[in-house]
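Each of the next two complexes has chain A plus one more chain, namely chain B in the first and chain C in the second.
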Partner chain A sequence: MAQPLLKIENLRTYFYAHSKQAFVRSVDGVSLEVGQRETVGVVGESGSGKSITAMSVMGLISGGPGVIGGSIHYASDKVQKNLLEGLENYVQLEEGNGRVLTVKKDESGWQKASEKLMAGMRGKEIAMIFQNPRASLNPYITVGEQITEAVRLHSGISAVKEARERAIHWLERVKIDSPRLRYNSYPSGMSGGMCQRAMIAMALSSEPSLLIADEPTTGLDATIQSKIVDLLQELKNETGISTLLISHDISVITRLSDRVAVLYGGAVVEYGPASQLLDAQAGFKHPYTAALLASVPNQQKIRARANLQAIEGEVPDTINTPPGCRFYARCNQITPEIRDKCAAIHPELKDVAPGHQVRCWRFIN
Partner chain B sequence: MRRSTRVKKYIQTSGEVSDFSKLPLHKKFSIPDLLYVGYGLLIVFLVLVSYVLGAFNLLPNDPQQINMDMLMAPPGTGGHLLGTDFMGRDIQSRLILGIQAYFLPGLLAIFISLSIGIVLGVLAGYRGGYAETVITYFTNLVDSFPRLVLILLVIAAFKPDIYYIMMVMGITGVPAVANAIAGKIRVLAQKNFIEAAIALGLRTRVIILKHILWYNCRALLIIQATLGMGEAILLETSLSYLGFGVQEPTPSWGNMVQSGANYFMQGNFWPSTAPALAILFTILGFNLLGDGLNNMLEGKRSR
Partner chain C sequence: MPQTKSKTILEVHQLSKHFSRKRGVLSAFNRRGGTIPAVDNVSFYLRENETMGLVGESGCGKTTVARTILRLTQPTSGRIEFDGRDITHLSDSELRPLRRDMQMIFQDLDAGLNPKMRVSDILKEAITVHERVSDAEVEIKSRLLLDQVNLKYSKLGSYSSELSGGEKRRVGIARVLAVGARLLVADEPTSALDVSIQAQVVNLLRDLQKQLGLSYLFISHDLQVVELMSHKVAVMYLGKIVEMGLTERVSGAARHPYTYILWSSLVEKHNREATQPIRVERRATWGVFDFERPARGCRFAPRCPVYEKRGRPAECTDPANEPQLRDVGGGHQVACHFPLGS
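Let's turn to the complex of A and B:
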């Protein structure tokens, strides 16, 4: 198999929660890969560490302690490097009793080294779009000018006229009606869906190898959501861009992803081909994934008037991690044979089928 | 009939979206805003002309010429368009010369508050952390001193010079600017704008100078600057009443109002009314200029 475009290994990003006087492990050992021309979906409930994973890849975490360790190997035709190369040396960690006790970090040294590694990456190699697109745009500049700025920044086109034409071309490609007119609109004069299209145009105008989309449809009207998903699908087919797609919405993930990673409490609990992982009927499923799928409305369930199931219990505490499985307290598939192991030992990711891994004692002999 | 006008109107409004920059002024901005800014610019122009006339001594009469035979002559007598004051000096010339007390010193005050305020505001808002804590303490400290007391202290320690006064005014104006900028940056950061700009690959310099300061803070800075000019004039006037403003025989609008007020009750209203009106119309001009420009810049984004 060819080298993946993005390979995240054992990424850990911690924060200090002042209200609780403790360190939270927002991302605690995430590993996942995005292959060339592949869309990898990341699902998980709110607070599971999806956004922080994306922002760690982008080098956007500034609050302390931030990114603690791991590696992020990036390999496009132009750039091959580990975006966290040598950064572990700036951090010292002390743990005990399932808690992080102290973190010593040379913040300015870390930042400088990180900026060096990220030089030429943001916007050019890896582009990102966010939830709430209007807030990501400058309210005082027309969207056209903002796209033009991005084009001039990354595409080697310095002539304003040419850059403008390219920006209009991209407005057209994201299917904004009468792009020449819309070029002169301010973000407040456009709908949320149109702002997201403009953001997508801005992100793709530099022809990056990887797009990170963090909840790109959340907060938009249902019909608009579906149109944005269609657009992403189409652009993916046209440009062959690799995408890390983050969403708490399984239906969005289902429509776009080739592979899916399920995040729970800052770690990947299941990772595999979208077709197997998202098929509620298929076997080998992490209990959390099964619960997630059971909570999604679909045609059959609606026809059968079946009740949707909410996932019982609390979101996991990432301050005090118990020794066993993080999902232990909420799991409904524990059998007597494995109960002791579930309570005492944190399971590893285990292959259940080719390219399909699950972190659950049920599948470890 | 009715229908056709409606259609026409619709076409016009949709055209407005398309090419804002080519519209005539009165379609781009509201009429009151244009009037405000027009009046404000007129005042700025008059202040500039007065400053130049005063600086090159191109005045209708000698502003220091004492004439004991013509004390408090009413407007229009003997070539004195606005009359004379209690020492028979030409009020019109003294009014024009009085601008000298405000123009450069006022600009100095504005420059100090804006430059230091911008730097501190960006440090506090963009950097955050330790810098933010220190700057917040500093601005709270400066804010908690009554401005007038601080000025009187400086006057007592040095001398009642308008430049010293304006320097203190500039420094006491720093917290307002710094807090406004830091607040604006915090709002932008909360809205994800700064994250998105970094993710787009923009340099920090470009994000701060172009996107934050120029596009998002310029309306606010214009307001601060125009308010500052009005405030400089008012401050000098109140200090004149305490006897600490610009010192006689150098004229300032403040000391003209103050000395003229002594004769107001005797029916000689013009020695104090002329400078008082000058103060009123000038401050009004600066404030309306700031308001109008602010509305124009803010209105733009809602199009």
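Let's turn to the complex of A and C:
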């Protein structure tokens, strides 16, 4: 297999919660790969670290503690580098008893080094679209001008006219009706779906190699969601762009992804081909993935008027990580043989099938 | 399933709510004024122990219907009957005792949870707002409420900022139960929650309905949750109900093209190779409705695939002939000149 475009290894991003006077491990050892022309879906509940993983890749997390370790290898035709190269030298960490005690970080040094590494990457090589498209657009500038600005900034086209034509071209490619007319629209005059299309146009106008889509359909109507998913699918086929797709909506992930990573408590608990992982019938599944799939209403349950299978309990906070499996308290598949291990030792990701890994003691030995 | 004998708790007759769009004094002269018919002649009824789902895209007037029923906004015309009593023109003081019976759950988890109050105080306020209760009784009742919504007693001392999304939602439901509400208007109660937590809340609402015989008006854009929760479904499009009937019929055998597209967008989302019973050409004519220049006749015509397929029949755009809801059998009502499958 060719070298992956993006290879995240053991990424750790922590925050300090002032109200609780403790460190929260939002992302705690995430490893992921996005291959060339591949779409990798990331699912998980809120607080599982999905968005923070994406923002860490984009270098959008500043301040302390923030990103404290790991590596993000990026390798496109034009650029090959580790986006966190040497950054761990700015951070010192002290842990004890499952808690992070202190983090010492040279914030300005870290920031400078990070900006140096990210130069020419953000927006150019890696583009990102966000959940609330209207919030990401400037309400006082027309949509067209905003795309033109992005084109001039990233594509090396400085002539305004040419950039303008390019922007119109992209508006057309994301299927906005009468793009020349819409070029002069303000975001407030466009629907949520159209704003998201404009955002996608802006992100893709610099022809990046990697697109990070953070909940691209959340908050849109069902009919519009379906259209945005169609659009992303088409653009992926046309441009061959690699995508890191983040969503809590399993149906969106199902339709777009080649591979899927399930995040829980800041770590990947399952990683594998979408067809295997999201098929409720297929074997080898992390109990959390199985429960997540079961909690989505489907036709059978609606017909039977059965109660949904809920995952009892709440998402754990990641301040005090117990030594055992993070899903231990909510898991319904613990057998007497593995109970002790589940409670005491955090399991490793283990291959259960080619290219399919699960972090669960049931599949170890 | 709904019991046919249970009595009607809520009846809505030809309800309309128009918002005026005056823009300052000059609007009288430059004709920029006018009204937006957010809800236009909506009629339905809800029986006791029954759930009615209200679906539609954003901006179609779902929330306005909900707010108008609870008299949080004043209807422009029409009649609202609660428990056989016309409440359309009751004054605020006359409404106050009725507030015990009808309550709303809002989409915003923090709405109604004062950040400076502990859970125990929030519940106490709700328990004592309509009646005088001794402290000991408040204590007993609070615990009972927490039992009903599956919350631990230890949460009584927490502030809302210390609660997770699911817990906040449960406290919100407990507060509504505290006053003894019989009709709950739930406006997107699960849309701010994760799937696993959403499942907990859906189960809770269903269990409460069984135990307490509550009636729900359940508003959501999540069609699957609506299907799971509701006995009846009404589909709204731009202020009008375009289809209404038993859930199985509306979701499984939709007669209005809009309903069909709404539900098939869901199927498509799940399964690319979904078998489509009716071939509907989907054209990219998903314009936004413009209230200033409303489509004449059927509101859905500009987006309607059937309209295109039939060669744009004149009935559909005849301003004098806007389709009205009519029965197509078994209480299933459709507002369309050319309902699907006929």
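Rule of thumb we're sticking to: the second predicted complex is superposed on the first by the 358 of 365 C-alpha atoms of A that agree within 3 Å, B and C clash if a C-alpha of one lies under 4 Å from a C-alpha of the other, contacts with A are read in each partner's own complex, and residues count from 1 in each chain.
Operating definition for what follows: a contact is a pair of C-beta atoms (placed from the backbone, for glycine too) under 8 Å apart; a residue touches a chain by one contact, two chains touch by 3 or more.
Bear in mind that the values here come from a model prediction, so they are computed numbers and not experimental data.
When the shared chain is aligned, no partner comes close enough to touch A:Val79: not chain B, not chain C. Once the two complexes are overlaid on the shared chain, A:Ile141 sits against chain B while remaining clear of chain C.
Judged by the touch definition given at the top, the superposed model places A:Ala353 against neither chain B nor chain C. Contacts of A:Asn132 after superposition: chain B is touched, whereas chain C is not reached.
In the superposed model, A:Asp177 lies in contact with chain C only, and not with chain B.
Touch criterion met: A:Arg122 reaches chain B, while chain C stays clear of it. Judged by the touch definition given at the top, the superposed model places A:Leu60 against chain B, while chain C stays out of reach.
Looking at the complex, you find that chain A touches chain C at residues 19, 45-46, 175, 177, 191-193, 221-227, 229, 248, 250-252, 254-255, 291-292, 295-298, 301-303, 305, 307-312, 314-315.
Remark: chain A residues 55, 58, 60, 121-124, 127-128, 130-132, 135-141, 149-150, 153-154, 180-181, 184-189, 199, 202-203, 206 touch chain B in the complex. On chain C, the positions that touch chain A within their shared complex are 57-58, 161, 164-167, 194-200, 202-203, 206-207, 221-225, 227-228, 248, 251, 261-262, 265-266, 268-270, 272, 284, 286-288. Here chain B touches chain A in the complex through residues 17-21, 191-193, 195-202, 211, 215-216, 297, 300-303, going by the rule given at the top.
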